[in-house]
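Shared between the two complexes below is subunit A, which has subunit B as its partner in the first and subunit C in the second.
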Partner chain A sequence: MTLATVAATTADGEATPRLAVRGLTMRFEGLVALDDVELDVAPGAIHGLIGPNGAGKTTLFNVVSGYYRPTAGMITLDDQRIDGLYRHEIAESGVSRTFQNIRLFSAMTVLENVLVGHHARIGARSGERRADARRHRTNRVLSAIQLLPGVPAALTHGVLEVAGAIIRPPAVRAAESEAVARCAELLRFVGLSGRENVLARNLPYGDQRRLELARALATEPRLLLLDEPTAGMNPAESAAVVQLVRRMRDELGVTVLLIEHAMSVVMGVCERITVLDYGRKIAEGAPREIQRDAAVIEAYLGSGTPVGGEEDGHAAPRA
Partner chain B sequence: MERTRAPFAALREALHAAEERTRLPVARLLLLVLLLSVPLWPMVDSRWLRILVLVGIFVVLGLGLNIVVGYAGLLDLGFVAFFATGAYTYAILASPASPALQADLNWWLAIPVVLALGAAVGVMLGLFVLPLRGDYLAIVTLGFGEIIRILLLNVRGLTNGAQGLFNIPRPELGGWVLRSLDQWYWLLVLSAFLIATAVGRMRASRMGRAWEAIREDEDVAAGMGVNTVKYKLMAFAMGASIGSFGGLVFAGFFQFVNPSSFTLAVSINVLSIVVIGGMGSTPGVLFGALILIGLPEVMQFSETERLLSVINPAVPFADTTDWGRQVASARFIVFGVLLVAVMALRPEGLFPARRPQARLPERHESTA
Partner chain C sequence: MFWFDQFVNGLTVGSVYALIALGYTLVYGILQMINFAHGEIFMIGAFAGWAVLLLLGGSAIAGPMLIVALLAAMIAAALASSFSAVVIERVAYRRLRNAPRLAPLISAIGVSIALQNVALKLTGGRDRVYPRVFPTGEVGLGDFSVGYIQAFLIGSSVVMMVGLIVFIQRTRTGRAMRAVSEDRATASLMGVDVDRTIVTTFIVGAALAGVAGVLQGLWIPNIRGTMGFLPGIKAFTAAVVGGIGSVPGAMAGGYFLGLSETVGRELLNELPGVSLPNEWRDVIAFSLLVIVLIVRPTGIFGERVSKRA
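Moving on to the complex of A and B:
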């Protein structure tokens, strides 16, 4: 997607949203983590998701990326339903994410980490298509039965994959070197060139965050969910990350939904912000509107101080 | 320290340069030739070869389990099940004592049958343990190994129960029968070499990375587009397939199988080989098997006794006249102490797995 089309679709507001969340409810035993949440993220947007601790932001990410199955509601990516799909299917259809507490494959090298992100795109074979996108996993037995017709194909693919790995025909080699080249390019993009063979766990903290970004980008996402990308960073480091997030959108055409506690980051980079509190959406709008929104101020401070007033910008404890 | 390392570093560099020049795995080929030449060494007699064949079988098993435990991080305590599957498949299909059927299957033709059946049993186990991790997985796989052994004991119509199956034919190819220990040894060296190469290539592939990602963080791997179910099943299938091949060699070599050969001890031995050698490391499996399987046997040799008697220590109030025999009879104690020492001093194993070094294409240095 070029910048021009991004601008066009966001301007008229009629285009299908990249991500649409409808009536999303996530109930854990006795706890309603998300309550009938509605959310639209426009294609090419950098959209912020804020709220006090425990508001359900990360839960929303977990539901969208398939880590939890929603209790109720519907999630679509470019008008295709993705709720109910397996995690790897959601990743394949174009949703990727990073984690609040960095979760790298720590005993693997930097390049290997990114290559795992690229997994589904390496020599993408035509036969192994996603099953029905509207398939809902209602129960275990039913879903097992649904999988049965795919067994011969899966068997063939398994044998072919093993044979390909062992024999290394030219096609496999080509796909592999293409993947390595692409991933090396992404590492350059996030500023980790030259560290390809370092074990992920040996990277300094800031670089680990960058590596997570590169790995997420390697899945070739249409929508990227960033869970506190600047957590634990100093102002210079977070400015660099903000810059990187902008370049992802501008140069790679990725739509970004980000959770952030640092208000300076949110207000600086996001074009639109959604505020959650106790699992409900309490406000949505441009940064300027959000800063003045009475409900938001109430949720954060319980009093009349505008959001973003403090310099450190971190979420205030619930009153 | 530096001085002792220098010659090895020089050797390594020379090998590396040779590999670059010839584009062949020179180091591995040299090792292969060295191993193949063992039966020609003057000191190696049939006792040594018998032990080396046994070590070879355990190298094969270790290579299989290494995929499951070392790469995919799935702690499998029932690996003996696949060993038994391979051995009994051939025994049932080839032994004249087989009560169920007389298929007279040729050993060489049994290879694809055993590989496929092993993979199938591996997938079957995998399906049952898919949602389990860590300790729970270990316990269930342990149970699986025992179930297979008890099945072998009780399905008499197929396995002949506790008596086992005997007179299992040796590998025969157009009238040429694999008979001598030398030949068995060579067969094992060559097959282990082929398996190690295949496993190394699997590890360096997209599939191998998926396995390691699952070991590191299964949830994140799934979130990055890895079909974790598929790759876990494939790890089980590959490991089981290789383990079954070990069983096939076992049945052909000893010409006799019965359930008492397939106990939990085998699973634990193979797992120890993988752990002592270094999880995920192929040279580790080789040396782990040499130490764990080879050493206790060698310690019973009369040469070892004599050698130990020469360095007869003067321990006050202790009878050390028969020192060598004493060590030999207490070999498992000595051996246990050795294992504990290895794990204490080198917790990552004797030969920790080395990471592959990515080679970046040159042209990308200029693009931005």
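Moving on to the complex of A and C:
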């Protein structure tokens, strides 16, 4: 999809948003991290999410990806509701992410990390959704007993999985080698070819960020949440990542929502920007509008009181 | 030859410990929880194998039928143990996954005692005896020969352990298990079904313990409801000695413990004024546990025990 068509579908507003967030509220004991947030991300967009530290940006990612369950509100991906699903179900529906502080499987190799991302796409999946998840959660006393009818299915599935892995019928072998090929391709895409068998923890920092991108892409996302993809990078590295983000959208058709502190990156790559402050959306628009927005300038330069503590525990250095 | 026989005995006991210890270490690696009901999983496997051998003709089993019967007994044991483990995980552990760490531990001890007593009740408290299906005889040369049963026990254990390593290192499921044990939240965000992976881990650990139950039954024919308790604790010791959470650690720990109880004990007996009959093996095993916990709490191979802050 080209930039022009993205702009068109965004402007006429008729296309279903890739991601729609409605009335999203996230409360932690006494702290309102997200307060009635509304957000639409158009298909094929590169959408920026900015705001001062503690504004709720990472919390929003954590809620959309299922790391947290929202206190209130609704999240849909292409009109399919995803809030309340299990995390791996959200990933399977097509949401993937990277992390502000890198969270690779450090004791596994580069290729294995990407293969884990590809896990749910390897081989045949049962595809059954556990719609009963919510019901189980509500009744604590009976919940353990309610889990019992699932025993035969779980046992059968587990035994077949183990047996399949031991016997390795042609179908399993084919799926695995296809997965390896696909993941090697993604590593080439992010520029990590030739490092397949290095342990993730032995990669240099910038390459670890690239590996996170490859792993996220391996889940075959429709929506990719990037949490400060250029944090800690020098201008050259960060320009390369920006280039990569564009290519993900243009060549792989992935819609991108990204948190970024480096304004040059945000203004350069994003077609649309949403600004959060104290858990509320204070502005939304094209980069040029955002740069002139009074509320945004106030939030960034005004009070100067940092909001502490919530962003999943890790404070980001301001770029 | 005396020392060679002691060595083989050590490997035999060690194989059983190692197979059971793997279940402790796998579950610990993925849930940071000690599944104290694991000894009973071993016991259930022993009974399942015994039942199948009796069904297939008991001590009349001979010739080619022996191979079929042994395979059937081991598969039945693996399935029975896996089934029990899946039920236990659902009933006793899953709801406690985010509870304080002591809660699932206590729950596991409760399950352990309950299963022992159910088994005692069902068997009327009397021993059951494995049919003697193995031909007596030895393989090897002169002084260096091993009884068929012990050779079979050690051989099958090694095959299973090699299989386990390949499984963990080379397969999609094994990869998911490693990812979940390293970082459960991230694995789930990348599309790995954590519940399912945990169930698979229990199944793998239980299958190994179940087969170990059959192997031990073939070697030491008397089985009973409480038979899982001591090997369970010993295997837990082996897993801790090897470094709990570490797969090679559990294997090494199992053999180390087995050899300590046999060769190690006899070596101590060589010291002037020392006389430790076989009954001392438990003292040796648990002294080792205490020493390891004091000197090197992470065990031989363990380093990532408290990686998570």
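In this text, the second predicted complex is superposed on the first by the 264 of 319 C-alpha atoms of A that agree within 3 Å, B and C clash if a C-alpha of one lies under 4 Å from a C-alpha of the other, contacts with A are read in each partner's own complex, and residues count from 1 in each chain.
The rule is simple: a contact is a pair of C-beta atoms (placed from the backbone, for glycine too) under 8 Å apart; a residue touches a chain by one contact, two chains touch by 3 or more.
Predicted, not measured: the structure shown is a model, and the values here were computed from it.
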Subunit C versus subunit B on the shared subunit A, clash or fit after superposition: clash
First, second, both or neither for A:E112, with subunit B first and subunit C second: both
Touched partner set for A:A295, first subunit B, second subunit C, both or neither: neither
Partner chain in contact with A:L199 - subunit B first, subunit C second, else both or neither: first
Partner chain(s) touched by A:R188 [first = subunit B, second = subunit C, both, neither]: first
Which superposed partner A:V151 touches (first subunit B, second subunit C, both, neither): second
Touched partner set for A:S177, first subunit B, second subunit C, both or neither: first
Which superposed partner A:A286 touches (first subunit B, second subunit C, both, neither): neither
Stretch of subunit B, among 2-10, 20-28, 56-64 or 308-316, that runs into subunit C once the two complexes are superposed: 56-64
Shared subunit A contacts, counted only where both subunit B and subunit C touch the same residue: 65-67, 86-88, 91-92, 96-97, 99, 103, 105-108, 112, 115-117, 119-123, 154, 158, 161-162, 165-166, 176, 179, 215-216, 219
In the complex, subunit A residues that touch subunit B: 65-67, 86-88, 91-92, 96-97, 99, 103-109, 111-112, 115-117, 119-123, 154, 158, 161-162, 164-166, 168, 172, 176-177, 179-181, 184-185, 188, 196-197, 199, 215-216, 218-219
Interfacial residue positions of subunit A with respect to subunit C in the complex: 65-67, 86-88, 90-92, 96-97, 99, 103, 105-108, 112, 115-117, 119-123, 140, 143-145, 147-148, 150-151, 154-155, 157-159, 161-162, 165-166, 176, 179, 215-216, 219
Interface residues, subunit B side, partner subunit A - complex: 198, 201-202, 204-210, 212-213, 215-217, 219-228, 230, 233-234, 237-238, 355-361, 364, 367-368
Residues of subunit C that touch subunit A when the two form their complex: 79, 82-83, 86-87, 90-92, 94-95, 163, 167, 171-176, 178-179, 182-183, 185-196, 199-200, 203-204, 207, 304
